[in-house]
Every structure is written in structure tokens, then in C-alpha cells.
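What follows is subunit A paired twice: with subunit B in the first complex and subunit C in the second.
Moving on to the complex of A and B:
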């Protein structure tokens, strides 16, 4: 199983490749409602009770004639009698004793056989894998019900032979599922680690491989129970199941199938089969949802999300949406921005009272550890937050209040105002389409260019980001490029619509230093040539220093310190900035050593009442614990959120 | 246990000559080839010699695709080299197969890059740590050892009863270190152990590893793409390019006065914090496809100092206190000195 990371949607939508409305893209498989699952469980529980208590519940002997032939439902025989005058209700009740246990036995045996074979094939690999998988292919090549018919016909109809036949046709599915799970475990680090510790092969199989590979097959098994009931009934219907006079549901349908005027003879066992199969399938779905936590989200529709956002109007509401801005207004002006995400235990505040400005042609950096809200700030600027997010405060971009935009307005901003480059360039490019198609489709969709014009512009763009032989590159697929080249293509794609602001979210973190140096130089060049503003998100203070003019240091969704990058990094005012500087490798300096910051970053929702950094801060005092420190200006274009720092500076 | 004690040769180790230090891990002329259907053979590692002595921290630096992880896997015994030998305490390392690992070789341990994937998600931390503790110990002693291991990596004893997903990335990496320590290792191979962590967690894990190595007198082969980080931890560093080691030197010297043009490019590409914004230097070109490695010096197509002589493969030779695979090391060094 591959770790298929493909969050291409936000990127693609923003690149204008598929300008569909957001709710279409965000809709996911909705988990079954609790009521439906409860109903399924009730039905199965009822059938189980019926099967166990059959002798008590059945009004008549299911195998003996207790009335005349083919009596319609009456007070003596609630569901009528069959062609031999036997009570249908009693036969249905006794039939549950046959169908349900046999279905469970079929699935259990198939799981055991298929799982065992899959485990061996996956773990041993090589020739064992090769030969066992060819065997499963062979079984798969036959339609299952035909194969089961052939087997039971050959060995004679009986309950045992029907079960064996159905096991024989259904094991390969389990074998394949278990094998692929085992294959992914076989390459895993934790299996290697325990083998390196000297754990023997069988113990490793039992403790590391098996528990981590049964999940998918358990889901499959629960889904297959319904199928087993159906297949068994089908064989019985054809006279290949348990021998008469055993009360098998499928055989009972067959008895009435020839004369539909005696509808009760086949309808009643039909309903029995239908309810059981349906209940098993619903239960299987529930098991799958339960084991796959990613399927259990997404109830919040985009509409609701938009409503929620509207619920929190920005404070400065009285002004018109696009008023005349003063000449020196920044390109991007964020004031009092707060973002909350839905969490399991209520809304989680992730960005708190953020003020941030990016001037025209300015290179601004955001630094901080993971979870500090850096990336969420970027996503907020593109309206790409997950469903249920709530945004308060004001974001003005080129004089437009972004928090008041509708879907169409956002499309315009994303198309030509704000562009973004992600950390994983691979996820921003579609792996199955050529680079040329992705670039030109984008241009043609957003700027109504002709095919030829779009092509010329695409070559220009690739040339601008220093892709060698741009014409040839247009015909290539993303995987044919190295990571650094892919990131350049992603930047070209972001630049396609001449954005005013480029947001770069850790665009070089996944790259090697020499490749990173190239990308940084390119971004610097682009900024100079295109009058582009860049908001650069990074955790590397070295990158911050070499590229940006102003910097914001984030922690726990708050700005701890901001100002001119050189000042912030060489004369840090906030203890957190100082700690970050101390924790980074110093390169050439031989005196200093790494000073790790004690503790772990704050988890959203578990912030201390005072300064978020207080528990890890070496200078914390009582007043740090009373409330979050206010953001104060400490000089020209410099802010600080720390009550202790001024005293520290004085003491120095 | 056989301790292969040899006189440390300052030519092969780059350390001052003298003392008798047992070589724990010796990698000799190792090649690793990958064969893929319908493609050329990829030679990920093309003849590497490297030793790690007891108590020594050796850094192995290189960019992605240079073969450092392939070398790590072979050195730890996760897979077999295509040719060449890896010895641990003098005995050839047995590649993992169906059979249980020889007891003596469990003292060669490895720490992996991905903190999310290196612990079994369905077993408690304690159970996984105890895999490395001898079964012959009485239960009480096992519990004691478990608490001691967790304490060593700065985790509370209660961590033993919890599952990996309850910990952060940095904590999981400490637990992975504790598990490696359970086997009382003499040598640890750490393959990018902090790459996936935040700056503050990186510093914590690196400091922990370093203090453990010093305290327990282990050897450590620390593999990373981050030269600045290796500088903080390694006594001696080897730089790898396209499957070969191109320079080995005491770490400080390597960083302060890199001889090989590639090492120099790596050092110059590190973004630095400074009062005056300065972009890191750019190295032209890209790492070539290992299946089509250039003839002669493999760095030649990207090297600013390439000359006619570079068309022949440079041997790893002793130049100016370091081992360098560069024909023009002396000229290049002289030229850069002039620059400064």
C-alpha cells in the first residue's frame, strides 16, 4: 500500500485548474447515521435470538406436514404453508439456524485460509509470493458462483460441500488484501528495528506484522458476511446447498418460484434474506468507518462553513468594501485576525489576534515551530481552511476586505492576486498530466488565452524560473524532474497569472541545501524583476535571515516578536526568539553548542492561561502567568509580546 | 566477543596518530546496486571505505540520492551489499533474512528517520523496549531495566504502558533511541534521526544522542543532509557525492577549510543568520542520475575548477590533513586562500 499523499485539490483549485465550487470538492463519503447502524445491529441481534431460540419460537415442526398444501397466511399458519404443507414461519425460524452460522463459518474459513496465504506470500516474498499470487489470479479468473456450482456439483450437494465451495472461491480476496498490508509492513522501520534487536521471525510475524495487517481484512470480512448469506442462498436455490428437507432460505424461494400465485412461499424467505444481507452490509460499512477515522468527518458543508464565517463580522464594518486607500497602505494588511478550527472538544483557537502587514515589493518572513499557526495563516489568506473553521478580524488585500468575499470573489483573488507555493511541490502538480498541459490549461482557464499564446507564455514562465530547455520541459511529466526543478515549476505555475503576493509555505524545507540555495536566489530575483511581494514561511532562521526584510516570530498562534529581520535575529527581544536561535546549529562557530529548548510546543487547546511560552521560558515570572502578554511597539516597526523582556534588556 | 583492536592509522581515520582504539564498524569497498526492470543498473554506492571506532562520532553528509541511506542499510545489515564487506567487531555483518540475528550483532543498532514509523503502533512502548532486553532476566529486573532505559532518554517510567501515538515526534524519537539502547549497543547508526523534527526537538534529540555516546562509550555513525547539524555532533565527517566519499576530515576543519570543491559548495550553501542579509551561494547544475554517472571525477560537470586531469577518476588521497578525492585539491586550496 502506498502512502498516497495527494492533497492536490486546494492547490489545483487555487491554480484555477478545476474551478468547481468548493462544496463539490469538499464532499466526502458521509458515515452512516447512528440510527441506521442501530437498526442493522437490532436486525442481526433479532435473527441471532431467533436462531438460538428456534425450538421455543417456532409454532410447528419445520420438517413435518402440519397443514394442507399451499395455504395462504392464516391464523393457524401466520405465513402460510409450502408445497408439502409445512409451516413457513417455522421453517424461516429454523432457517436462521442454518444461514447465519454457515455464513460466519464461510467467512471465517476464507479469512483464515486467504489471510494465511497472503501472510506467507507477503512476508516471504520472492518465489513464494510469485507462485501464490498466480494461484489467486487463477481462482479470480472464474466467476465465483459458477466455480462454486461446479465444485458442489462435483462433490454432491450438501451443507458441508456448499461451505467448502464458497470458501474456495472467496479466499483469494482476503489473500490479496492481507498480502498488500503485509508488504507495506515488511518495509517498515519498526519491523526492521525489532529484527535488529534480535527478535526471531515468528515473533516478529506475530507481534509486528499480523496486528498491523489484519485491519483491512476484518473490514472486508464484515462486508463479506452478507455476500456469504447471498451466495449460500443462491447455491441452495439451484439445489446445490444443504439437502432437503433442511429449511434453507434459498431452497424455500426455489420451491415457490415456479408458481408466483403462491407468492407467500418465496416472498417470505426472500424478505428474510434481504433483511439479513442488508443488515450485514450496513454493519460492514460501520466497521469500515470505525476503523478508518478519515471517513468520519466532513459533515459540515461548505455552505454552513460560509455561514459560520459570516457570523463573525470584522470589527470595521462601516467602511465600504473597496474604499480609497491611502497611498502608502500595505499590500496586505491583517488586523486582529483570529481563526478557530472545529475540534473534538469544541472550537480550537489556532490564530489569536494577529496583526501582519506586507508592503508592495517586500519580502516578509514568518518563523516558528510546527503548530504555531504559520501555515494556517497562509491557508486563511486563500480561504482554504478546513470545513467548520471560523475567521474573525480583518484581512485587507489591495484595499479589498477578503473576509467579506463570496466564492466568486475568492476565485478572483486566488486567480490573480495571491498565489501560493507549497512545501511538497509534488502534491501541487498533477502526476498524470504533462507540465505543459497544467501550465497552459491554467492560463487558458483564467486568462482566456488562445492555445498558442498560452504555450508561448508557459515557455516564458519556465524560462523565468530557469528550467533548462523549457520547450522540452512542457512535454514532460512532473516525476521526470528532480525535487528542485519541480519546485521551480510550481513557482512558474504560481506566477502564471502575475500575482501581487506570493505566499511560499516552507518551499525549500524538503530540498537539499544546494538546491535550496538555487530556489532562494530565484525567489529573490523574481521579487526584484516582477515587483512581487513575498510572504515566506519557514522554520529555518538562516533562510529567514538571508532572504527576508521583515520577520514575524510565531508561537502558539500568536506573534511573539516582529520587526526588521536583521534586528530580530541579531538582537532578539523575546526569550522565545533567543531560544530558537540557541537551538539551531551554529555552523562555523566553535564556542557555542546546541541549547535545546526544554519541553514541547504548546498543543492548540491546551495553552496555559498566561504567556504561551511561559512553561518553557527560562525567565518566566509570576506576571507571565496571569494573562497573554499584550503586543507592544518597542521601536520603529518593531513589536514584542513579553512583559519580562524590557527588564532583561535593561539588565544586559 | 572479538574486539578487533588496531592501531588507528591517521591516514584512514583522520584522527591524530597514536592510541589503540578498537574499530567497531568497518566498511570496506562497499558497492550497492539496484536493478530495476527495463532500466539501467543504479549504482547507489560505488566503493566506500569508512570506519567508526569506539567512542567516536562519525558524520556522513550528502544530498538526497547520494547513496548515504543505502550505505546505512547495508552497514546495519538490513540488506546485503552487492560487493565489499561490512564488519562489526571484526565479524562480517549478517544481512537480515528469515533467521534470527546473531546475538553478538544485536549490539549494532539503528535509529530511523521517520518517528511515526519506527515504533509499532499497536504495541505498548514498554513491550517494544523489552524486545531488546534479554528474556533470561527475572521479571523484576526487566521492569527495572525498562525504567532505567526510559530515564536515560528523559522519559517518565509511565511511558512504558502507553502507545506510540500518544507521544510527539521528538518524544517518539527518544523512545526509538531507548529501544536501541535496550540491546546495550556498541555502535548506533542514525539515519537522518532528526530531519523530521522541529528545531527545538532537533536540538533535544541531538544533545541526547551525543551525551549517550559519550557516557556509554559507543560509536555513532550520524547520517544527515544537514552539514550544520553534523557539525554540532560529529568528531569526524565524511562527505558523500554520487555514491562515493569525496572528503573526510575532522568536522571543524572540514567546515572551516573545506578542500573538495563540492564540500565547499555544501558549506557555502548553508543559510546563515547574520546582520547583513546574504543569499547562500548557488552551485550550478544538478546531481546526475546515478545510473549515468559521469566518467572520471563524478563532480566534474558541476565543478568550477574542472580541468583536463579531472577526466580520470581521482583517488581518495591524503592532502592537507584530510582525505580528499580531488586531483586539483592543492591548486583549489591555494586559489581560495588568495581570495581571502
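Moving on to the complex of A and C:
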């Protein structure tokens, strides 16, 4: 399927499989992001040049009062003159000499003062921390402008007092940031270790703690520069800043506020402030994104969309493995499914040429390691892949071709046709909505049930999954239940609209073994009672054996082997399956070593050219490196993707 | 063979064993315990408030005392200052001749009795002044806050859902420009455009001069004119509200949008949003019920702080629109070194922040049921 009629869901980031090299990668900057930073730096550089070269650039003396008051812009005075006849353009140019350096000084001093206090509070702890934090709260409680006003008015308006006032007002933010940085590392092991090694407290402070606080401080400082300019302008607008006739931009705006007809006096200085603060803010954002990656929002989305257009033609489909007779058509029939996800260096194939069938009432398992593509298969079946994903191939469910559905079509399939139970019930249930609401909302939304009917059905469902006192449970919240109960509720929710196929994505991995047994037994019972088909995803071969009738073994987005579960697990045909079975610790004595599979799982985008398992396989031959082995049928309802295995089987 | 085996007599045993422990969890909530907890919670908050207010009074007191400026010098004319008897009388009247601790103690004592002193510049009791100026600011802050919340929730959510697309970039660019704009300049520009150029808005003030201000019930002209049954005056008061509220809203929206957007982005990543779609829910229900509520906690925090700062920091807007609010009062008090007035404003501001924080905490409990237990 290469058309774009398969809209992906608006959920903006994926989780689980993260393609790309395992080391920390430098985020590639979008061209637009780079342009924005370049713009910010250009503006700031321009203003810096203006400030430095003011005497050369300004056409007039900023303090000189010509006789012509309040003249509009003209050839003699490009921006007109103010109420004392001074050239506004020159005053704006010289104003840069005030605003920029003063803002830098304010931020630097506030950083020193606040950072110092935060450092002391965080490092010394206890009473020092407590009292300093109360002081911080106190200063925080005052709106900055009023506090600054009071201080400057009290000490007399001047540039120095304005700076002092603003430092006084802004240090708490730095104190808090530095303190939390210090606290985060204070409890850390390597600090303990260095103290044990005899490093004195003050040296430890300077050597270990201080560098850790530099990052957040720099981020904060760069974000605060713009704010400093604004606050300074506000103070001088009120007449509390640098004393006249100093050409401060805020004061210039004040001069024109009284007479609106002289618009040039107020408007242009404001533009100067706006551009400067905007440039500072853009730069601050860029610094923050660069130094604090967790705060950065993915810039890769645009890349994904670009890469989507560049992706090549879909891979060739293999021949269908089993002939499907029309009257025995399986409930779910996946043929040649290939999924690529957008990655930093291009599209990454995560599922390759998958063939999979689930019949009515069957319990089919998918086994594989993390990163093998099992969960992504589940998400593809519900169209919940991240934006930019490409899906090729065919997915037929109850006769409908899912890859051709539009958004409404998918809404009809989800919940009522195919339903899903996720791995972590704690995160899959909304923590702020009652269980009752989460069980009834889709009943009412998709099946137009009345509130009462939906509640009755919800109680029924909770009974089915063995939740005690179901009526009370409806009013409760998910966090009030244990993990096992929550997962039952999730199952109940998935079954609410009577789906034909239930996908269970490792539903018991997060639970302990006895609880797990209960959930699995429940699933089996539900399958039989409701004529449900279950596609069970797991990495636990034991679970696979106890419940599933057929199984697929996944590796690197491909099926390595499939067939009746009992056969696959007792007589594995593929070396990978054999290695998985051999690697289990069950039944080993202490004398035996654990036979782990050498190597690491394949990273999408870095697959070897041949069989994906070849680097780790003990039986690899030259022909394993030429190309991925095709999936072949080796018996009734048994498939295998290995060129070596048949010879191995013959040799046994 | 490995793996758990099914009980021959059915899974009921295992399930029942698990259920016994869980039955207690879903048992009747202990209502009496939770109300006791709530009382303790409120008592603790009140104690912290009292401490904070106490600290504020000390801070303002020390601050004004520490400055080289002398209230006497700022409030008496030049000639009056030359006359020692007048100066002495002035100082005696305002208690400036007593030692500092005594002055402070007197102030605290009066405070407890509800007397915030008398403003040195207006001559009125500070409490009375606050009673006039605070509602005026409230009349600006409340509509601005309501509008800001509605607009930023809508736009922020939209930007989050359309992340990295044109709408998102436009909204974020707009917010960034709004953040970088000086508030007083925006106020002047808006006044220039709508009053001077287009003649659509008044030139500041709360009411046109041809109307008499309504009798004070709430202190907010819009409400009071309605209560008095004067719809035309009400319309005029509303008309005067337009521009300052517009400017305040624009500035507050710029701040809030970024927080709303990032809160929503975080929520959109959550598994429960994906699970909600997996149930077949249409998008508008998922966004409105699942995403919005989860992101609301963060929005409430920022919104509360924005409201507190709106109530206390509008001095620049009030200056330009000649709006006699608490900001103006604080400004003239600062210029005159009017200690009682400054302290009154400080107390009010601290009170606002504490009440807002309390409300935020209560709202948390309403929005997120997990917090109610702790």
C-alpha cells in the first residue's frame, strides 16, 4: 500500500522501539530551526554592533536638543524628534548601549547571588536550606514589578539602583534552579565516593557539585536575558530607571505616551525592545534545547515527513504460504506486511514481509525478544503507529482490507472488531477517570448505548473478569486497584464492544507469577466463552506453551519460524528458536553455565545484508550472508525461514 | 515443560486468593478519616500563610526603613520641612519619632485589629484605599484570566495536536512575539490604533465622564451599574474595559500557551491516550476527556500563578489606561515612600498568592484523584 489514505494517529511520539544507534545521538537540527537560531544571533550581533559603534552610526548627538520639538520623521531626522527636540534615531542607537549591557549585568549578578544562595542551601541542607528557601518564597511572593518599584523609588531612580532592584527581584529563580541541581547530585554515589576518599567538603563542592549546576544555570540565564531587558524597560517607563536624559528605550516610550498624535516617539523604541527581547528569547530557547535534551520536543517529525516521500518502492511480496480457501478464510490474514518508521537517517524497516494468520477462536502466540517488531505488529493492526510510518502489504480482517480504511473505518474496527490489552495496566488506564467511565465511554460512543444500559454491561464485564463488588468498582479509580485487578479491568474494557480479535501485548509481563496465572486462565476462559480469537504477544516461552495453539517466532521484524506451538517448542526447526529454548535458566544446576545467545539483538537500520540472525547463529554458512532467507513451508501449517536448518534436520 | 500450569479444578482458586486482599482496597471509603485529613491540610496552609504574611510585613518594614529616603522629605513641601515644629508634628502624627521596633509592634497590633494604618499620601485609611483600588484591578484581572484560559487551552491543545505543522509553528511564533513585547508598549499601540486612529475605544478611564460612578457594592463598575439598574452605564463601563482586558489577555495567553502545549504534548505521549483510541473512541472525545483532564493539573498551576500576578502586577497597564487600580496605588505609594500603603499592598499581594496556592492545591485534588489520598 503506497497511497496515503491510511492516516496515522495524532499521538505524537512513539515509545518502545526507538530506531537509531544505541549511543546518544546529536539531534540533527531542522533547517528551519537552524534558520531561527541564525536569525536570533544576527539580530543580537546587529544590536551589539550598533551599541559598540554608536558614536559612528548615530547621525546626531542623542542628548542634543535642537530647536524643533516633536517633529515627525523627515530627511533630517529619520525617526523624528522627541519632546525636547532630540533625534530619536540617535537615541535609539545609543539606547542599545544601556539596555544590552545592563541586562547582561543583571542576569550575571542575579546568577551569582541566586546561584550562590542555592548552592549553599542545597549543599548545607537542613536549617540553612529551610531558612534560605523561606526567604526565596518570600521574595517570590512579591510581584517583581512592585518590589522593584519600591526599591528604586526608595533608593532613588538611577541605572545602578534599577540594576540592584532587578537583581534583588530575580535571584530566587536562580537559587531554586541551582538548589535542585545540587540536591539531585548530593545524594549521588560518586559524591559519596569522593568524600570517602577524603575530598574535603568545600573541594567536593567546587569540583563535583558546582559543574553539575552550570548546565541548568546557563539555560536559565539565557532565558532570563530577555526578561531582564523587559523589566528594565518597564522600570524606566515608570521613571525609575536610568536618570534622564539617558536614552533608555522604556523612558523614550513614556515620553510619547502622553501625546498619542506624536506616534513616532513611542512606537519605534518599542520595536527596538521587541526585536532585542525576541532575539534573546529565541537564543534562550535554542540554548535550552541544546543543553537540556529532555526539554526538547521532537524536531524529527518534519524529517519523517520528508523521508516518507523519499522512501523507495515497497519490497516484493513473497508467494502466499498457505492457500486460503474462501470458506475457511482466517479471521485475520496478514500478507507481505512491511512497516517502516521514520528515523534520523531515513526510513527504518521494522517489520519485513510478514505473513500471519489467526483463525476464528484460535489462540495464536508471537514470541520474540525486545525489538523484534512484535508490539509494532499489534499497533499496525490498530493503526496506532507514530506519524510518518509507512505500511505496505495486506491486512485482511473479517474480509475487509484494513490498509484501505479511512479514519472512520478504523474507528469502527477498533474496539468492536479488534481490541487490545496493553502491557502496563497502570499506564493504559486513565488515572483521573473512574473505572466505570472508562468501561462505558466506548460503549456509549460507538454503540449508542444509554447510560443505564452501559452501566449494566460494565457490571457484567467486571463479573466476567472476576472483579468483586463490581458496582462499587465502577465508582473507583484505577490506582485503587492492584496490578492484577487493573489488568482484568483493562481486559474487561477491551471486551466491552464484543471484538472478534483480542490482541494482548505482553499483558502479564509486569505482574508476578501467581497473578499472571490468573490472568492467563481468565483469557483462556474468555476465549472459549465468547468465541474470541486471541493474538498473544510475549517473550516468555513458558506462557506460550501453556496457552497458545499456534506460535510465530519473530526476530528483527521477520518470522523465523511458525507452526503448532507444541511442535515449535519441542522440535524447533530454526536455530534461533533452538537458542531461545536453550537459553532458559529453568532446570539448570549451579554447575551449568547459562547458554545465552551471543551478540545483541539487531538494531533497525543496521541489519546485516543476509539473514538477520546470521551474526549470532552457530550454524551460519556463506549463503546465509547473501540475502534474507525466504519463508518456506516445511510441513502442514509449519513455516521456516532458514537455509541451513533443513540440512541440520536431515543430519540428525 | 516450563511455565505456569492451569489448576485442574479451574482458575477460580488463584483468582479468589488474589481477590481477598483487593476486596479491602475497594471497600467503603473512610469518609471520616478524609475530612480529618482535610482539616489538618487547611490548618497547615493557614499557618504557613500567617508566617508568610508576617515575613512580608517585616520585609517591607525593613526595606522602607533601610532606604536613605525619608518619608518626611517626600511628603512635606520644602518650606514645611524648614519649620522644625511642623516636621516634629508630622513625625509625631505618623509615629516616626518612636524607635523602630516600637513602630513595628504598633503596626502589628493595629493589623490584628483590622487597622492597616492611614496612607500618608491619600490621607485615607489604607484599608479603605485597598477597598477601592482592589476591585478595580479585579475587574480587569478576572475577565482577562477567564479569556486567557479559554484561548490558551484551545490554542495550546491545537498546537500540541498539530505539532510541528503550520498551525503549531504559527501559534508558537505568536506566543514568542507576545512574550517579547513590552506590555506598556503594546498598551500604547493598541490605544493608538483603536482610540486615536479608529475611534472605537475610549481614551482610558473606567467610565465616561458623563456618567456618575455607581454606588459601591462590589467596587466593580460593571457589576455595580447592573445592580443599580443602569444598563447604559453598564455598557459604558464594559466599553472602557475592552482595551486593558485585551492587552492583558494577549500577554497572559502568550505565557500560558507554551505551558498548555507542553503539558498536552506530554499527555499525548501517554499510553492511556493510545489505549483510548484503541477502544474506538472518536478523537474529540479523547482530546476533551482524556487529554485535557490529564494536562489540566499543570495548566492549573501556571494559570493560578498568572492570575496572582495579574492581580498584583498590572501597574503599567493601569498607568496607560488611567485605571485606578492596586498597581497605581502601589506606584504612587512607592514614589511617596508611603510606608503604611506599601505594607498594605504587600500584605494584599502575599494574601493573594497564598489564597491562589490554596485554591490550586484544592483543584489538584479535584482533578487528580490520586492526590486526594496523599
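Basically, the second predicted complex is superposed on the first by the 470 of 652 C-alpha atoms of A that agree within 3 Å, B and C clash if a C-alpha of one lies under 4 Å from a C-alpha of the other, contacts with A are read in each partner's own complex, and residues count from 1 in each chain.
Basically, contacts are C-beta pairs under 8 Å (C-beta built on N, C-alpha and C of every residue); 3 or more make two chains touch, one makes a residue touch a chain.
On a predicted model such as this, the values are computed, not experimentally measured, just so you know.
Asks: Is A:515 touching anything from subunit B or subunit C once the two structures are fitted on A? First, second, both or neither.
Replies: So A:515 meets both subunit B and subunit C here.
Asks: Mind working out whether A:584 is in touch with subunit B, subunit C, both or neither, as first, second, both or neither?
Replies: Both partners, subunit B and subunit C.
Asks: Taking the superposition on A as described, I'd like to know which of subunit B and subunit C A:565 touches: first, second, both or neither.
Replies: A:565 sits against subunit B, while subunit C stays out of touch.
Asks: Examine A:482 and indicate which partner it touches, taking first as subunit B and second as subunit C; both and neither are also allowed.
Replies: both
Asks: Using the superposition described at the top, determine whether subunit B or subunit C touches more residues of subunit A.
Replies: With both complexes superposed on chain A, more residues of subunit A are touched by C.
Asks: Could you look at A:607 and tell me whether it touches subunit B, subunit C, both or neither (first, second, both, neither)?
Replies: After superposing on A, A:607 lies clear of both subunit B and subunit C.
Asks: Is A:539 contacted by the first partner subunit B, the second partner subunit C, both or neither?
Replies: Only subunit B; A:539 stays clear of subunit C.
Asks: In the superposed arrangement, does A:150 touch subunit B (first), subunit C (second), both or neither?
Replies: It touches subunit C, and subunit B stays clear.
Asks: Between subunit B and subunit C, whom does A:333 touch in the aligned arrangement: first, second, both, or neither?
Replies: neither
Asks: Quick check for you: in the superposed arrangement, does A:194 touch first (subunit B), second (subunit C), both or neither?
Replies: first
Asks: Following superposition on chain A, which residues of subunit A contact subunit B and also contact subunit C?
Replies: 482, 484-485, 513-518, 520-521, 524, 540-546, 569, 584, 586-587
Asks: Considering only the defined contacts, which subunit B positions touch subunit A in the complex?
Replies: So the residues of subunit B touching subunit A come out as 63-64, 76-78, 96, 98-101, 103, 106, 108-110, 112-114, 117-123, 127-128, 131-132, 168, 170-171, 176, 179-180, 182-183, 198-204, 206-207, 225-229, 231-232, 252, 255-256, 265-266, 268-283, 286-287.
Asks: Which of the residues in subunit A come into contact with subunit B in the complex?
Replies: 124, 188-201, 207-208, 211-212, 369-370, 482-485, 512-518, 520-521, 524, 539-549, 565-566, 569-570, 579-588, 590, 593-598, 600-601
Asks: Spell out the part of subunit A that touches subunit C in their complex, as residue ranges.
Replies: So the residues of subunit A touching subunit C come out as 9-13, 15, 32, 134, 137-138, 141-146, 149-156, 226, 230, 233-234, 237-238, 250, 253-254, 256-257, 260-261, 263, 266-267, 269-270, 273-274, 277-278, 280-282, 285, 297-299, 301-302, 382, 384, 411-416, 419-420, 422, 424, 427-433, 441-442, 445-446, 466, 468-469, 472-473, 476-477, 479-482, 484-485, 490, 493-494, 496-497, 513-518, 520-522, 524-525, 540-546, 569, 584, 586-587.
Asks: Mind pulling up the subunit C residues that touch subunit A in the complex?
Replies: Within the complex, subunit C touches subunit A at residues 1-7, 10-11, 14-15, 17-19, 21-23, 25-27, 51-52, 55-56, 59-60, 63-64, 66-69, 160-161, 163-164, 169, 176-177, 179-186, 188-189, 191-192, 195-196, 262, 265, 268-283, 285, 289-290, 293-294, 308-309, 312-313, 315-316, 319-320, 327, 330-331, 334-335, 337, 342, 345-346, 349-350, 353-354, 367-370.
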